Structure formats: structure tokens, C-alpha cells
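The chains carry the letters A, B and C, assigned in the order they are written, with residues numbered from 1 in each.
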Amino acid sequence: MGRYLLGRLLTAIPTLLIIATLAFVLLHAAPGGPFDSDRQLVPQIQHSIEARYHLDEPVWRQFVRYLANLARGDLGPSFQYRNTSVNELIAQGLPVDAAIGLTAILFALLVGGAAGLFAATRPGSRADRAAMSLAMLGISVPVFVTAPLLMLVFAIRLHWLPAGDWVAGSWRHLLLPSLALALPYCAYIARIVRAAAIEALHQPYIRTANAKGLPAYLILCRHASRATLMPLVSFLGPALAGLLTGSIVVEQVFGLPGIGRLFVVGALNRDYTVVTGITVLYGALIIVFNLLVDLCYAWLDPRIRSRV
Amino acid sequence: MSASPPMLLQARSLTVGYQSAGRELLALDAVDLDLAEHECLGVVGESGSGKSQLLLALLGLSGGAARIAGSIRYRGEELVGAGTERLAALRGRRIAMVFQHALSALNPHLNLGTQLMEGARYHLHLGRRAARARASELLATVQISDVARRLRQYPHELSGGMRQRVLIAMALMCDPEVLLLDEPTTALDVTVQAQVLQLLRTLRERTGVASIFVTHDLAALAPMADRIAVMYAGRIVEQAPVRDLYAMPGHPYTAGLLRSLPRLDTPIPERLPAIPGQPPDLAALPTGCAFAPRCPLVFEPCAERPALRERGTAHQAACHLDGAAARKIREAWP
Amino acid sequence: MSANQPAGSLWAHSWRRLRASAGTRYAALLLGLIIAAAVTVPWLSPYDYSTPVWTQIFAAPSLHGGRLFGTDALGRDLLVRVMWGCRISLLVGIAASLVSVFIGVLWGATAGYLGGRIDGVLMRIVDVLYCVPFIPLVIVLEVLFGRNFLLVFVAIGAVSWLDIARMVRGQTLSIRAEEYVEAALALGVRTPTMIWRHVLPNLIGLVAVYATLTIPSVILFEAVLSFLGLGVHEPLASLGSLLAEGFIEMQAHPALLIFPALFLAAIILCFNQLGDALRDALDPRQELP
């Protein structure tokens, strides 16, 4: 197991390196400099700014400095917010995304999982078909359609909930964004759990369990659960990573001060360090999630454990 | 049917039908069966003869799509139509089944200990330690060594023969009265087959459990079974005590099966005699005797379906041939 | 021909199954109607999608003035703009998907067919690319290199080929392992012929399914970009950019949000339904009717 982990980490590092290099190359390949939009500056001030951001050094040196900083976890200074580092900006925005993302995925797992299991235990029934039609709708209607609509209905017309903004610790501000984000995942999870549970229940070893006279709850919970969980776990890995990018839209719509918003604002204002820094962060998170998924897999299926 | 030992299992006119492409196929067609205590009944037939379906039907595991008719009585209690709870209480506890492919019959995600113990823990309310002790005892009985380690292992870590023995141990956990064995040795190597068969005989002597042993290999049943039922196209075509069946088969199909067994005590023929024709297509059975298309002794009455007739003590065959049948069959198929 | 004969009956069964589902028929019908409308309405309508009409801004939807969906902030007819939005979204979606499918099939089939180290390298690259956060990256590219439509297009296509490549590789590996392929190789059939006659026909089904399922996710991706202001240029409209406009005005004029939303959801829904149905229909494990 330890060797497996080591092997995965070893592949993770070059991947991260590639992403970081891509980000750096793009940063420096962009036409114009980061400060072009400002007024024309007096040469001395121009020079001092460039020196401050190390833009006067040869490119390869900047690259080494960039990598060294990355290794320390330092994503560099923001170009927009002159006295703040990207790390600080991220530290401010991350809790918002974490709160919304976690709430969303919990909701999606609970509701979607229950719906999927419900449908799986009565396949072909009207309840099953109704649930799956709803799920089809859920995966087809994009977040940036549901989010504005939710806002329109609940905040603007009904005035039940606030129409955006963020107040730390306030569940009312958490509700609509989490719900909007959760809906497609809820639908995906329902479909996956249903298919996985049906597949699991068709396995020959379920017939053995039946022949032993075991009750339904034991068969579901002990025998069918692992086989059902595996496709779900497979899905959750990339899904959790996608939750990050999906929240870009939600933050935009609800005006939340999260990382996605930071990213888009940075993109529109050409704050390159913020943009590439967050990209590297996303990349690292995706790698971590994928690794966690693989570990879960090995834990769930002893046959994979042996091979590993 | 009168019997001095009490009937453990008794099936009458047991019929199992499935819908396929708009018609109903009968996997089992009016099967009558008796199993006494401590008895070993062998059931032999080709693929598609319904022998596996028979075992599943006895446990009520034919599946939701099956139409079940007829009666199955366990110690007089009617099982057809009994609620799931009643059936579940019997399964594993009084009537236990050993499936054919041990690798797929065992859950790959759970260790052997869990799978062995769960039946006893649920049915007999044994605590974990008691259940483990029983599992260890049974593993030793089926001649598996290093028991403590095995209990922690997973199915894929064992060899095929060992897995089959684990299945047998698992079936015996709650000390059932009836053991249903669905081709327990078919998927194994020949040498391992012999070991498992020997094991089953020993177990039977020690525990006195009654069993129904389904196989396509007539030779395997010789040292095992008290009686043998021969199935063809979902019907029982012959039933007899084992010696009588081998000595004087009353049905041409049985004779054909016997004839095709390779033997060491007679000169080796150039070609193994086989039954001509193809196994029956359940969707296209002839009206009348199902074996007629392949039978060397087919004659006029065969257009009508034969009922089981007496051929000797406790020996029935579903064939229109009269009392001299055995002789005629032997002449047709030496 | 071994590749054709079993495929023939499989296709016949699949077609039958496909037609049997009511949901699929409705989806196909709806999609057909939307496409027909997107093609004909702008052509038939007296209104132009880009010319501002300052006297008629924010007109409410009504049957009378011919302003079926109303007008937007610049007085442009919403119906025509939504139809144009459908055109762009569908065009980008289908074209970018084709790019995806093309790259993915080539990549996956090569990896699966050649096997060994080449397979290892190709798939390792796919694994690495999987870890790259695409939406941010595309946004980065856009920001840095301007809103070049071609760039958007290729970038969108480049996102989806990874899944297809994996699927195709898996399928190719199974085909490759089939006995008739071994037999053909033993007879000396050459590689291009092998791929053309044996591998590709067996891939068509899978590719059709994934192509149909890629289209909605590509349309979605393009819509996200447009919604964030990084997609199509004014005055061209895609459904995503229309949604962005509608979002700004939604408090006072919800129609500007609702109509594009309906059409986008409908298009994605139909493609998802069709892709799903196609996948179920081609699944050999399903019982035959």
C-alpha cells in the first residue's frame, strides 16, 4: 500500500509541474505586460515596479524563482491589489467556497443517494421512472440557469432569502447558492447510485446471500454496499474538483466573495498572478481528489488491494 | 406416496414457467419429487434439463419473472406461496444450498470469516466468538488448514477447490437438514473433484444430512447417491435406486447417458457412443415424449406424452415401452 | 463479413429499442423543432438580431406586435436573438464535439490497437491532462490572447476528447483481443485494412453514443464562457450570453432570462435524453424485447 501511494505521489509531482509551467508560460507569453492598462508611467517608477516584481530579470531566472516560490506554497503578489499576496486573497475566499461546496455535496449525497436507492429497489415502477425523469432534468438544466431562477423566485419575488452577498456564519446566505450548486450533482448521484445498486443486486453473490435466508437490510448494507459505492466514488473525485469550477458561476450570480469570483475578476483585470495561481491551486486539488478516489477504491475492493 | 421415514421434502406437479418472446417456456414441467431424511438424491441431466432450476424452485429463488405452480412441502408445510419471511427463515437454516461457481457465489468484498459467520449469527443468534468457533470447526471439517488465517482472507486469495469447500462449510453452518448441491464439482479439476466428492461422503456419514446432488456427470453419483432422478427437458424421465438405475435403465435417455460414460473395464471403443441429435429446445418441444426425436426405439405411442410407470421397486420411468423395456433398450444401445 | 453480420442484427435490435421509448421520441421531436425554428425564424422574421430599436426597448412579450418574446435593452427582438443564440450554441456544440470525437477516436484507437509502450505513453498523457483544470485554463487563454472565436472553439473541443479517448481505447483493446482479429492478423492482413474493416465498424456505436453525449456538455461549456463574458462577441449572441444579459435585467424583465433559459435547458435535455437512449439501446446486455 505504501508503495502504491508513493508511486502515485511521484506521478502527481510532474503533473503539477506541468500545470505550473503551463501557467508560467502563459503568464509570460501574454501580449503586453501586466501594467499596460495603467497610465504611462515615468521611467523611474516603471523600473522600480518592474524590479519589485522581478520582471527585469531574465525569463529563466523568473521561472526558477517562480518554481521555488511554488515549492514553498507562495503564489506571488497580486497585481491588482498591490499590497496583497495571492495567498492572502485565496485564504479569504476559500472558506466561502468550502462552506458552499461542502453543504452542496452533502445535500447531493443525502438526497441523491436516497433517491437512487429508492429507485433501485423498485426498478421500472412509476416512482422509479418519475425519479429518473427528474434526475434527467437535473443534469440537463445548467447551474447558471437554476441559480438566477432560484434567485428570482425566492429572493426577488418571495423575499424569503437574501439575494446574494455573503455574511459569514449566516445560513440564509448559504442556502440558495448551495442549493443551486447541489441540484445537478444530486441528479447525477441519483442516476449513478440507482445504476450501481441495480447492478450490484444482480450479482451472483447476492443470490447466495438470499439463499442463506439473510434479511433485505443485511443484504443491502453489507453485501451490495461496496459494489454500489465504487462507481459513486469514481464519480465523486472529478465531481468534487468540478464543484470548485462550478462555483465560479454561482459566485458570479450571487455575488459571493469566493475564489471563483476572484478568478474571474482577476481574469477581466489581467491580474495574471491571481489567475495562474488559482489555476495551479485547482490543478493541485484535482490531483489530490483523484488520489483520494484511488485510495478509496483500494479500500473498497480487496482484489485491487492485492494487486497493489 | 407412502413412506415409513418422514418425508423431508416433497414436490408434486412442480412447474416453473418463464415468459420468453411472447410464449411460456417450462423450465420445470410437473415434477414430482421425494426426499427422505438422511437420503441422498442425485439429479442428473444435460444443460437446460431444469436440474438447477429445480433446486432454485425448492428454495423459492426462481425469481420474480417465474410462474410457479404445484406444491413443495417441507415436513408437511407448504412452501409455494408461503411468505418471504417464512422462506427466509428456512433458507440457510433448514435447507441450505451450495452453488456451482464458488468464485462468483462468494462476495469478493467481504472476508471469508464474515461470510461464513453471518448465517449462524442471524439464524442462530450466535455471538461473534461462538460463530467464529463454529466456522473454524467447520473449516477444519472440510479439511482446510490454517483456519485462523483463512477466516481473514478474501475469496480471490484461495484456490478453486478450497473455495468450493468453503461454500460447503458455509452451507453447514446452521446445521441444516437438507443440503442442495448444484453441480459442486463441475467447475473443478478432476483430482480436486475426487477430493470434494470424498469430503461430501464423509460429511454425510458424520452429520446425516439429507441432500439433493445435481450434476451432469452420472459417474460422480455412483458412490454418493441412494436414488437418482434423471431429468430431460424440464421433466423427470426416470427415478430409481442407484444400483437399479445403473443395472437396468428403464428409459432410453438414461441408457444413452450410461452408455456414453468412458469405462476402464471394457475394451476401449473407437468412438465414445453419444446420444444422437441435439439437446431439446424448450421453445420447440414436440407434443408427446420430449426425447422422441433422439430415441432409437421411438414408435407410435410416443406421440403422446408418457406418464411415469413402474419398472420395479421404487423405480419409475416415463416411457411407453413395456416391461421388457430394459432388454429392448440394451439391444438398441449395447 | 464478420464485422458486419452480427453488427447488422445488433443494429436492428438497437433501432427498435430506440424507437420504442416515448421519452426518446419526444426528445427527438423537440430537438427537431428547435433546430427547424433556429434555421427558419431569423430568416422569416422582419426583425434583425443586431439592430437597436431605441423606441421599443423592453417591450413585453405579446402576440400582437409580432414581438413574441418581447425585446431586450436595446430594443432588439428577443425571439430572433434567442433563435440566433440557438444557432450559435448548436453550431459550436456540434462542431466542437466533432473536433473532440475526431481527436479522441484517433488517440484512443491508436493506443488501444498498438498497445504496449505506445499505449502506456498515450494514456499517461491523458491521465496528466485529466488533472488540468480546463475551465480555468480556457479562461486564462482567452484573457491572455483575446476573444478569438477559433481559439474558443478548439479549446472547448479539446476539453472533451479525454473521455472519448479512454472509452475508445478500452473498446479497441477488447476488439483487438477478439479471435477474429488474431485470425486476420495471422492471415497477413495489414494494419490499415485491419483498422478500417474490423476495428472502426465496431467503434461506431460507442462513438455515436459519446458524440451525442459530448454535444450537451460542450454546449454547456460554451454557455458558461459566454455567461462569464468570455464567449461570443457582441452583437452575436449565444444562449449563454443571452442568459447573462437576462440575468442583469431579470428583476424588472424576467422574460429576458426565462426564454433563453428554456431553450438552453431544452436543447441540453434533448441531447442528454437521446445520448442516454442510444447508450441503452446499444448495450448488448439488455434483454431483447
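To be clear about the criterion, a contact is a pair of C-beta atoms (placed from the backbone, for glycine too) under 8 Å apart; a residue touches a chain by one contact, two chains touch by 3 or more.
Owing to the predicted nature of the structure, the values given are computational and were not obtained by experimental measurement.
J.: By label order, what chains touch subunit A and subunit B together?
T.: none
J.: Please name the chain that ends up farthest from subunit C once chain centres are defined by their CA atoms averaged.
T.: The most remote chain is B.
J.: Centre to centre, by mean C-alpha position, how many angstrom separate subunit B and subunit C?
T.: Centres of subunit B and subunit C (C-alpha means) sit 55 Å apart.
J.: Provide the C-alpha centroid distance between subunit A and subunit C, rounded to the nearest whole angstrom.
T.: The separation of the two C-alpha centroids amounts to 23 Å.
J.: Which subunit A residues sit where two or more other chains touch them?
T.: none
J.: Show which residues of subunit B lie in contact with subunit A when the two form their complex.
T.: For this pair, the touching residues of subunit B are 59, 61, 87-93, 96-97, 99, 101, 104-111, 114, 118-119, 122-123, 154, 156-157, 170.
J.: For a test of understanding, state which residues of subunit A touch subunit B in their complex under the given definition.
T.: 203-205, 207-215, 218, 222-223, 226-227, 300-303, 306
J.: Please give the residue numbers of subunit C that touch subunit A in the complex, ascending.
T.: Touching subunit A: residues 23, 127-128, 130-133, 135-137, 139-145, 216, 220, 223-224, 227-230, 240, 243, 246-247, 250-251, 254, 257-258, 261, 264-265, 268-269, 272-273, 276 of subunit C.
J.: Tell me, which parts of subunit A touch subunit C in their complex?
T.: By the definition above, subunit A touches subunit C via 11-12, 14-15, 18-19, 22-23, 26, 29-31, 133, 136-137, 139-142, 144-145, 148-149, 151-152, 156, 238, 241, 244-245, 248-249, 252-253, 263-264, 267-268, 270, 272, 275-276, 278-279, 282-283, 286-287, 290.
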